[in-house]
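Right after this note come the structures.
What follows is subunit A paired twice: with subunit B in the first complex and subunit C in the second.
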Partner chain A sequence: MNIIITGLISGSLLALLAIGFSLIFGVARIVNIAHTAFYMVAAYCIYYLSIGLGLNAILSMLIAVAGVTIIGLLAYKLVIDPIREHEAAVLIATIALAMFFQEVVLQLFTGDYRSVDFLIQGFFTIGGNKIFYQQLLTFGVVLVILLVVWFLLMKTRLGLAIRSTAEDREVANLMGMNESRLAMITMGISVALAGITGAVIGPLMVLTPHMWMEPLIIMMAVVVLGGLGSIKGSFIAAYILGFTEALVVFLVPTGAFLKGPVALTTMILVLLIRPEGLFGVAFEEER
Partner chain B sequence: MKKSFVGWVLFLVAGLALLAGSFAVEAKTIKIGVIGPMQSIEGRHHWDGATMAAEEINAKGGVQVGKEKMKIELVKADSNEDKNPADAANAMERLMTKDKVDFVVGGFRTEAVLPMQDIAMDYKKIFIGCGAATDSICDRVGKDYDRYKYFFRGTPFKSSYLARTCFAHVGLCAAVIKNELKVPVKVAIVAEKLAWTEGMVKAAQGVIPKMGLELVGTWQPSALATDVTAELSAIQKSGANLIFTIFSGSVGITFARQAGELKIPALQVGINVESQKDGFWEATKGMGNYVLTMNTYARGVEYNELTKPFMDQYINRFKTTPTYTADTYAAIVYSLVPSIEAVGSLDADKIVANLENRTYKVPSGVNKYEKNAEGKPTHDLTWGPGYLTSLGVQWQDGKLVGVWPNKWKATPDAPEVTYKGIIPVKLPPWMKK
Partner chain C sequence: MGLLGFYLRKFYSLVRGEVLVLPSRTIVGLFIIAILGLPLITRDPYLFRVVIFTSIFAILAASWDLLSGFTGQLNFGHALFFGVGAYSSAILNTHVHIPPWGSVPLGAVVAVLAGLIIGIPCLRLKHTYLALTTLAFPIILLGIIIALPDYTGGELGMSGLQRFTNSLMGNYYLHVITMLVLCFVMWKITDSNTGIIFHAIREDELAVKASGINTTRYKLLAFTLSGFFAGISGGLYAHYMRIAGPSTLEVSMSFTVVIWAIFGGAATIYGPVAGVFILYPLLEIARFWPEYRMMIFSVFVLVILLYMPEGFIPWVRDKIEKECPRCKIRSVAARKTCRVCTAQLD
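Let's turn to the complex of A and B:
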């Protein structure tokens, strides 16, 4: 019971992070290493607005998500778009972006650990396990976001355009779709998701300018395990790794610090059997 | 005529400026490197403690070195060691080669202090460690005195003594639980996975059962873990009512906050470096209430007559309670400067010979350097009544108060120790339900 509950919660947190990352990669083939940095920036914005300026928590979150989305779009236009055709350059540029955000936050807020209030205080008990309402909220938000993303991609004209572009960029261009504009919109959605992640997960975490690094590794593991670009894959992989971490903590208490490495090993083992990941497509040199 | 006059004035001013500049260059100062993670509170307190020391000494005219009065000049070096220990070696190398400092104080993480120590020893510069606790740092001095004699421990005392102090705190808390709740005491050990905790975990696993307490398990999350609800669920399932924590990283905040939010029915005791800071209450949103940790300073608690002036001056100046890394102040004011003045020279070998044989008061007790079993100096600090003991401090309703030593006896025959300002331990109310 402990393992199931802990695995579900950890998996939800991972899924929330991985979906946004997976979306921009699946659609625009952008490996955005700065994805978790955007969520760090959102968490600090919420801290500043709610604790520093004393604004309402929900209002702070809305402003933070909007602000981070604008920053993300600017970053895309100024840094990523000009070099988008060079995947290695994009990778390095987004690492630089993440470091830039880290240093700015470090200068503004110092390296002291900070935290923001829970949206919903308290906990409930199930099967003898105590669960934060905030964790339940996170779980609910993951499901809602998944539904929204699914609806957006599958039931709207924008989603159709995004999927078409993801399928074949050149043909989409020939069909009159503005591929660059679509990539920018997708970047906006992805960064907004990172901002929402910061808003929902932020209260559960300790804020530090380096908080983007640890989840980045496990998030990338989720995305690779699920299949690069597959949102469904990211969702399922997040729970696989979430349950793996829970198993390590409960079955090997003195090795709790190994939960990350064990999760990564699980990823490698799966990739040895299925190199494209659980739901990924085998990449071809040319589409 | 007018142009000529202006020209002469400019020439004179320029000449005077050059002269003043040359005097400034020639005025010899004692350069002390202050090394630490300057973006974190530990490094900032390294710097603040050293700043207070330098200002205080310079205001009195400087350090008497033979017949000469020399001012102290501090050089800040950001080791970034809490995030990347590899950066620390570069920072120390810069202090030695570019800044050419005479002495170094600081250091925080063992993983960084060991390479920093080697670099300082290569240049035969006295390095007073003010942050790392691992025994091996000073064991090196005893094993290879000629090479490592320039290293002294400034604070805290070594890990094995930290463990002994913590066990005294565990004993105090266990007694409170037994007396107030009338239940057997079950202990869970939770330690971050870092080099400095390894010895303490092994020691705790051996000692706790010998104290008549049941050890229910050991958990070792990452020092940067952002979620420990799984560990907390497992700890609660184990029936632990006393959690022995060994944390120096941000996991200390995560653990305390989540344990408080979930009302885990257990008292936390041990070392939680984050809980030693004024910002802990805000960082845990008040959920760190009743967390008990070892600490060097607490407002209102006095070891000796030096404590209060130091605390008052530090709090007035920096608006915060000093953490133990602020003992760079003591390292400069009470360790280095009196030895420099005693030998009348900046010669490292002469200062080492003087300093290692001194016994002197500092704001946190009395410093006396140890010798190992073979009688060789280790430059480690003596622990126990009459020397250094540190404090047990507990968060009680937003205030960090001193709770240990409270009628503490190191051995059955030893005198009781209670410092001025110590009050009783409180149990979380949800433990009593």
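Let's turn to the complex of A and C:
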């Protein structure tokens, strides 16, 4: 039972992060290492607003998500956009950005462990296992957000533009899509997703300025496993890896050390059989 | 005496004709003289320590460049080679009691094997898939090392390694000269026919395949060569620190290598070396404000990249030198005509 709950929660966290990451990669070909740093910043914003300033929890979440989105867009405009043509430079720019956020948070809030209050208190028990209402709420919110993202991508004109740009940037540009504006919008959506992740998962996690490192690796594994740019693939792969981690932690001795390695080994084994990921489309030989 | 004079004159004309004509070569020459002559000016142990670490990491950054800069196979897990080199020479030194002279090269050989093991499956992957998959390997190894504390010391690492020598000067010259020699070897490799094929694989792999070259074999060669040099630097690091710890395998280690190499300018070998020699001492200077250290570092990298996205060293090089449009030979930027074919420089 514990395995199912932990698996569902970490799977949801990974799914939200991975979808944001693969959106911006698909549209703008940016490998955004700073993606999980935005999630960390959002969690800290909520901590500051709700505990530091004593605002209402839901209000502070909304402000935090909006704030993080603005920070993300500013960072994109100032740092990433001017060097878009140089892929390697973008890569280390995002690494440096993530380090910068980590240091700023470290300065403002120190390295102590923090935590955010649950939105709703209380728990019920099934078969001797505690299930907090907060966990159910988190899972529900994640499902709703995933549905919203799916609707946005599949049913709206903006979604169509995003998907076609992800498929072939040049042709989309020729068909009259403003590629740079689209990249900007996608960056906004992607950072907002990271912010929402921070908002809904925050209460279940311990906040430290280094909390972006661990999900970053597994998130990348999820994205690769599901196939780059495939939303459905990211979703399924996130739950596969989430449950793998949960199984290892609960069933294997010294599992806490091995959860990352086992999840990553799973990814590598799958990649050996299908080099383009579970649902990825094999890229044409790019020239 | 006459013979000596003859060779001296030959050496002088070689230096004047080949080195002093280009500012970039003059700078490299001055750098080598400066780093070898540093002990004449000061004997500060702290300064020596910084230069030794910088040299070790310069080898590492250059080896990343040999693989990722030249063949374009982005390796995000370069800490794997470094860590494998460090840990295997540590195990050989403490458990088998092989002196450092033997354990560092053997550790590098183990790193080559690691390069083969991850290279063979990874070469089926392309671009970002490759980058993100290689990121996974050091973390897997780190998990195994921490889960097996009996052989590897777990989270504390393996300590009590022998040093090469205990003298200050000996250590300094050992590391600096190793760095200079290995970087020269790497530069020579990239300057040879093999290096040209590496370049071509990055630019257009399909065209290289179409020319009848087995690209997989060359990519594997790049993986093993890079693993060898990174393994040596890992072994040197472990023996100088006298400890091989989990920090050698961390994600931040892999990222730092990438930052150094791309900051200096990828696909040049001298770029990453210069990048380390700029950024590592900068990080040391920033120790005066310890709480803002990493922030200064990241802001510095961001600002430099914003203005020089190709990397710092290629930017400087383009400022002081011009390439001849006809014969592709570089001349000082102040010249009006090419120094070889006298074509007009624009």
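The rule we apply is simple: the second predicted complex is superposed on the first by the 274 of 287 C-alpha atoms of A that agree within 3 Å, B and C clash if a C-alpha of one lies under 4 Å from a C-alpha of the other, contacts with A are read in each partner's own complex, and residues count from 1 in each chain.
The rule we apply is simple: a contact is a pair of C-beta atoms (placed from the backbone, for glycine too) under 8 Å apart; a residue touches a chain by one contact, two chains touch by 3 or more.
Note that the structure is a prediction, hence the values are computed from the model and not measured.
Q: Looking at the overlay, does A:204 come into contact with subunit B only (first), subunit C only (second), both, or neither?
A: first
Q: After lining up the shared chain so the two structures overlap, which partner does A:132 touch, if you call subunit B first and subunit C second: first, second, both or neither?
A: In the superposed model, A:132 contacts subunit B only, not subunit C.
Q: Give one of first, second, both or neither to describe whether A:6 is in contact with subunit B, with subunit C, with both, or with none.
A: First partner only, subunit B.
Q: Could you say whether A:97 touches subunit B, subunit C, both of them, or neither, answering first, second, both or neither?
A: The answer is second: A:97 touches subunit C but not subunit B.
Q: Is A:59 contacted by the first partner subunit B, the second partner subunit C, both or neither?
A: After superposing on A, A:59 lies clear of both subunit B and subunit C.
Q: Who does A:260 touch here: subunit B (first), subunit C (second), both, or neither?
A: In the superposition, A:260 contacts both subunit B and subunit C.
Q: By the touch definition at the top of the document, which applies to A:114: first (subunit B), second (subunit C), both, or neither?
A: first
Q: Counting contacts the way the document defines them, which residues of subunit A are shared by the two interfaces, the one with subunit B and the one with subunit C?
A: Overlap of subunit B and subunit C footprints on subunit A: residues 254, 257, 260.
Q: With touch defined as at the start, can you tell me which subunit A residues reach subunit B in the complex?
A: Result: residues 2, 5-6, 9-10, 13, 106, 110-115, 117-118, 121-123, 128-132, 135, 204-206, 208, 210-211, 214-215, 245-246, 249-250, 253-257, 260 of subunit A touch subunit B.
Q: Which part of subunit B faces subunit A closely enough to touch in the complex?
A: Counting only subunit B, the residues touching subunit A are 37, 39-41, 44, 82-83, 192-193, 217-222, 224-227, 229-234, 236-237, 250, 253-254, 257-258, 261-264, 274, 279, 282-285.
Q: Over in the complex, which subunit C residues touch subunit A? Could you list them?
A: 74, 121, 124-129, 131-133, 135-137, 139-144, 146-147, 204, 206, 251-252, 255, 258-259, 262-263, 266, 291-292, 294-295, 297-299, 301-302, 305-306, 309-311
Q: Of all residues in subunit A, which touch subunit C in the complex?
A: 25, 31, 33, 79, 82-83, 85-86, 88-89, 91-93, 95-97, 99-100, 102-104, 107, 213, 216-217, 220-221, 223-224, 228, 254, 257-258, 260-262, 264-265, 267-268, 271-272, 275-277, 283, 285-287
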